Amino acid sequence: MFQVRIHGRGGQGVVTAAEMLSVAAFEEGRHAQAFPSFGSERTGAPVVAFCRMDDREIRLREPIMAPDALIIQDPTLLHQVDVFAGIKPDGYLLINTSKSFAQLGLADFVRDRRSERLCTVPATEIALRHVGRPVPNVPLLGGFAAMSGLIRLDSVIKAINDKFSGKVAAGNVAAATEAFNIVREEIAADGQARGGQRGAFSNMGSNSHA
Amino acid sequence: MDKPFAITLDPGSSLANKTGSWRTFRPVYVDRLPPCNAACPAGENIQGWLYHAESGDYEQAWRALTENNPLPAIMGRVCYHPCQGACNRQFVDSAVGINAVERFLGDEAIRHGWAFEKPGKSSGKRVLVVGAGPSGLSAAYHLARQGHAVEIHEAGPMAGGMMRFGIPKYRLPRDVIDAEVRRIVDLGVTLKLDTKVANIAEAMQAGRFDAAFLAVGAHIGKRAFIPAADATRIVDAVSVLRSMEGEEKPMLGRRVVVYGGGNTAIDVARTAKRLGAEEAIIVYRRTREKAPAHDSEIEEALQEGVMVKWLSTIKQAAEGEITIEKMALDDKGFPQPTGEFENLAADSVVLALGQDVDLGLLEGVPGLEVKDGVVQVGPNMMTGHAGIFAGGDMVPSERTVTVAVGHGKKAARHIDAWLAGASYAPPPKHEVATFDKLNPWYYSEAPLQVRPVLDIIRRQSTFEEVVQGLDENNALFEARRCLSCGNCFECDNCYGVCPDNAVIKLGPGKRFRFNYDYCKGCGICVTECPCGAIRMVPEEN
Amino acid sequence: MSFQPVKFYQTGTFTVGNRLLPPEERSVQAQTKRFNSINSGHRACQGCGEALGARYAVDAAMEAANGQLICANATGCLEVFSTPYPETSWQVPWIHSLFGNTAAVATGIAAALKVKQLKGERRDIRVVAQGGDGGTTDIGFGCLSGMFERNDDVLYICYDNGGYMNTGIQRSSATPPAARTATTLAVGDEPGNLFGQGKFVPAIAMAHEIPYVATATVADLRDLEAKVRRAMAIRGARYLHILVPCPLGWGTASHETIRIARLAKETGIFPVFEAEHGELKSVLAIRRPLPVEDYLKPQKRYAHLFAPKARLEVIARLQQLADRNIRRYGLLEGN
Amino acid sequence: MLKQIEGSRAVAEAVALCRPEVICAYPISPQTHIVEALGEFVKDGTLAPCEFINVESEFAAMSVAIGSSAAGARTYTATASQGLLFMAEAVYNASGLGLPIVMTVANRAIGAPINIWNDHSDALSQRDSGWLQIFAETNQEALDLHIQAFRLAEELSLPIMVCMDGFILTHAYERVDMPTQAQVDAYLPKYEPRQVLDPAEPVSIGAMVGPEAFMEVRYLAHAKQMEALKLIPGYAAEFREVFGRDSGGLTHTYKADDAETMVVAMGSLLGTIKDVIDEMRAAGHKIGVLGITLFRPFPIAQVREALHGAQRVVVLEKSLAVGLGGILATNVRMALSALPIDVYTVVAGIGGRPITMRSLHALFREAERDDIDPVTFLDLNHDVVDKQLARERSTRRSGPAAEAILRDIGVVAAKVAQEVR
């Protein structure tokens, strides 16, 4: 099982991102479970959403406390909310920002982690460019597909077309694709720099609790 | 349907609950006597005939009317309608114009030539009626309908009695009298004119009559002593009015003084006006309020220019002038002389001080009692002599056409019974439906329909009928103003207002019945009955 | 006004029947074979105005709907006296659910019937909801307002007897000022119900701008029937508020029920009018104006206004309320 | 057809496949998405003819449903929490009148303090309302149960609440197998009401019933629910035939053979429990779980049968009978009358508190050692309650308890840190 936790603010499509992620996983024949943090949704308030993916039925209903991946839709949350709570040591991190981890004050956090699993993408800018609204959720999914390799960009595009239609769908597809490419290049650059190999998900299909 | 137990119920099941057991008082339908009927001297069932008129069935209305009174066209003109004085509608707006509707029906009957139904059987009895005035005609009509052979012996040349010789044409056109008399004659009554009965006993014997009804009018004018010069022309009112029916019209001069305050005085004064008198002055010793003449007649007379000296008596008469003395009412309301005098120019003085009856025909009849110039009769209208009945002006009573007609009917019933060796007992009268028994809310606003009146110029110069009849619309409207006091007219109120659906409607003409199985005795039907035809009575234990 | 032009003066517009009218112009209640929607054997008090008003109104609605009618009924006197197991007085399909939900139940029925008609499973069937003033102006008011604002195809009839009579005569928001009830006793400085409280739901119904709002009393049958007929000719939310005197609660003689209702109207205490889409359309004019004392005096619930000493100032305030109605609705202007 | 959709949407689609004729809607979290979707289907014409009525309260929602159902229409509504309580009078009325309304209850806590998150207090407060109550474990089961509910309600002429955990299921995107219209039509016959308001055959529904018959009316309601116990297994079997999967029924056991410790629970919590049991079984623990699908009528015989061989029973319930302990546990105890089995009440997850595998592992191990209280509150913050109790003992005007506790915790309820702690 692979568990993703998405942090953002009300109005940024956090819950939608989790849902679309589950749809993308479903498109690939997997079981997936997306759910929000079950609160009153208020624009601007910190929001969390979750997505589990597995090759068999997911029965677990607890919140994701030890995520395999974190998607941070709004970097201003980094110092307000304990977004990193429970993240696995080799977990993935995708942040919507045009800054570096150091600029974000995360130098200590990233120091001992696998750098190819730590990505940033300027999702808000991309969304503004393609969709016309500052909704970073869909480009981040493109970025997540590139970062994790767990889902294909095609599946993300299917999920987009499942959720949206017309110009909004097309804009989001373009945004997701651009983000996908940015992150892929980012990882490629990192790989070249480290000479290492990007890993697949070894823990897929097993329970993380014991 | 397999319905859920107890929660879901079938319709009509509450009929099992007989709520009539809750009742301590029960409503019952009653018939009460309408005040108009109670007040009618002719005993008309006024409400009864109005009922038919309301639905536009005028012939049926006329037939109902003539059950009691054969002279509706006449009565519709000359009756002083005490019914209207009693009418409960006066407490709502104004009394129903019963008299106008009666006249309308009478005129309709003449116009359409409606005839009375002939009697089916003959009794074999013969009845002599003396006098073809209203009382005699009424008695003759009823007796004939009862199957008796009736002969009217009339002293005068024409039938009608005081209706013809005492009431001016402008109030009662003569063709109306003729038509209604003819209809009675057509029923099979023998009318012998110019046949004065000098002695009743002889007349009865000669004609082999089994009974007689005497109805001689008061044709003799009362005289009063007025000191007068020889040249002064003093005549009596009855003579003046009678002479109006002859060839020679009476010569009264330009200035006529009429002495008296009754209807006859008014009639003479108005007649004098029409004959060309410049002045017609009524002298009466009391006030207008105390005058026996009907106010409407006084009013019409005044409209026509008749003048009245109230509280005045004639002290003496000279040629071309009379002296009157002013009177004043004392504490008890009687006029007393004041010693104040006034002179009036007068070419003639007409005395209208009342009339007497010529009772000559009664001489020698044993058992008869005459008192104050009239024959005494029992409650059955029979004189002290068996088989001889009397009515109208001859007996102690108010002298009106209506009373006379009533006497005729009443006497006929008793004669009929007497001839059969029985006695007639009138049915007990219902309680009168007084206004407090009614719920007047339910009667819509409907003003009295005023009869048209002849224009004043023609009233002063011609003998054309002054008061005209109602047209059909107005007559119908007027009939429908009737409140039906005391008698169910099937307005459906009781049927509608019962909260327990405990009134059964039986259909047109059949009225209603209470369903005492469910009537809880609330009494709403009684309170909301417009005409007072329901009463609450205690339940017996 | 919605009267037929009857020109038969003896029986006129005011009586239940009129033998001179053609049958089709006669009142529903005058018909020999009327529906008697609420049948004999019900357990209403003697002289019950609500039993009478209900038969008047539902019979008229049945006539207008050609018998295709379903009634929903609030808890209250009408429900209790008409349907104690194992007997019902209703001859129409009828449902009682709760005290405060009748308008909503009727909405549900109407919705179901609409779908069934679209499916061709049922004919066009109309819906009437009915309740007392407690079930309408108080506990049922939310559902009533909801039904109004959605313009659901329901005729709601309120039988207003000014209090909770079923439970023993307690005050409702339709109880008039100064009236004594079990919860506004005639004691203390201001005996009876307080002034400045209560609400007149017909006016609130008008504020919903529903197609039809009318008031009526059991004293004017023809007016009442005409209003039911008018209401039934319209689709959407309709409201009819009928004043139904309660002999028990008002302390009047059982035979006076209609008379008291008439006095309420004639004094101006209860305005009789109709409105369409929030606008006043016509009034039933006062025929014979009377002072409010004439209305108050026969009712024991106002006895404290007359004895042991007359409370003239209270009577004057009630007269002011009547005068305000007369002014506001133009009750003295022509018919 | 497999779909990855939100639970609410899945239920809405399943309800639509049942061809409801009247739907009443009033917003209350967490059921809103269900009626929103149904409103969309009616408005866009995919569900027609159907009347979708936006009512002014839950009380009106149930009342409209009563009228609609009595007039013979297939009727649906949904609610939760305060909404269920607000309509409570009408809830009892619907069952009393025998009207087969189907209602989703998106289970949520009842205030005060106001709380929008999941537990079973709302549905269980209506356990004696005369409605049938079934609890869904997954979104697949939630949608399946709705289809069965219409069948069952209309056969019995009784209303049914289909309970699904608020947010946890209603807001979760999961894979479901959505049946086809043809499948649903084959399974669910046209509604033939037992009673209907009809001018052609007028009846009075809702009579006043006195002491002479009320007991009998109530007995019949009870007898009907007992009848449901017999009908449901058949309907579930028939469902399997038409739809090809197990759904519904009375109870389900998981790894119960030779279990010394049996856990009992309802709703979505069963999934987490099963994951824990898998791990414990792998570690050699003799533990199993009994899931209760049908709570009313309560399947006493099946519960007794499933539990009678265990040494102890741990009833894990998202509800609290204040002053007593558990609601579900009390029912389970009745099923186990006179059996020498310890029954532990564990109140867990109320007000939306996450029930984690970690807590369950610990709990079950303690239970195996009979080292838990008869009434246990899972993950109760004892420091906080002790502090408040002390405060109340010492200060007369101690103020509102919930607000004081929040101050003590120092965070707001919605704060992520709490959820992910």
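A, B, C and D are the chain letters, set down in written order, and residue numbers restart from 1 in every chain.
The criterion applied here is as follows: a residue touches a chain if its C-beta (ideal position, glycine included) is under 8 Å from a C-beta of that chain, and two chains touch if they have at least 3 such contacts.
Remember, predicted model here, so these are calculated numbers, not experimental data.
Asks: What is the identifier of the chain with the smallest separation between its Cα mean and the overall Cα mean?
Replies: C
Asks: Report which of A-D and B-D is connected by more C-beta pairs in contact.
Replies: A-D
Asks: Could you state the distance in Å from the CA-based centre of chain A to that of chain D?
Replies: Computed value for the inter-centroid distance: 34 Å.
Asks: Can you check how far apart chain B and chain D are, centre to centre, with Cα atoms defining each centre and the answer in Å?
Replies: 92
Asks: Round to the nearest whole Å and give the separation of the Cα centres of chain B and chain C.
Replies: Distance between chain centres, rounded to whole Å: 50 Å.
Asks: When the centre of a chain is set as the mean of its C-alpha atoms, what distance in Å lies between chain C and chain D?
Replies: Taking the average C-alpha coordinate of chain C and of chain D, the gap between them is 44 Å.
Asks: If you look at chain B, which of its residues touch at least two other chains?
Replies: 6-7, 9-11
Asks: Quick check: what residues of chain A touch more than one other chain, meaning two or more?
Replies: Residue numbers touching two or more other chains: none in chain A.
Asks: Going through chain D residue by residue, note those that touch at least 2 other chains and give them in order.
Replies: Within chain D, residues 97, 201-207, 209, 213 contact more than one other chain.
Asks: Taking all chains into account, which pairs touch?
Replies: Result of the pairwise touch check is A-D, B-C, B-D, C-D.
Asks: Which residues, counting only chain D, touch chain B once they are in their complex?
Replies: 96-98, 157, 194-196, 201-207, 209, 213-214, 216-217, 220
Asks: What part of chain D is in contact with chain A in the complex they form?
Replies: So the residues of chain D in touch with chain A come to 2, 4, 6, 29-30, 116-118, 138, 165, 167-168, 171-175, 268-272, 274-275, 279, 352, 354-358, 414-417, 419-421.
Asks: For the complex, which residues does chain B have touching chain C?
Replies: Chain B residues touching chain C: 6-7, 9-19, 22, 54-55, 441-446, 477, 480-484, 489-493, 495-502, 505, 507-508, 515, 517-518, 520-524, 526-528, 530, 536.
Asks: Could you pull out which chain B residues touch chain D in their complex?
Replies: 1-11
Asks: Write out the stretch or stretches of chain C touching chain B in their complex.
Replies: Counting only chain C, the residues touching chain B are 6, 8-20, 26-27, 29-30, 32, 36, 38-44, 46-49, 51-52, 55, 82-83, 85-92, 221, 247, 253-259, 262.
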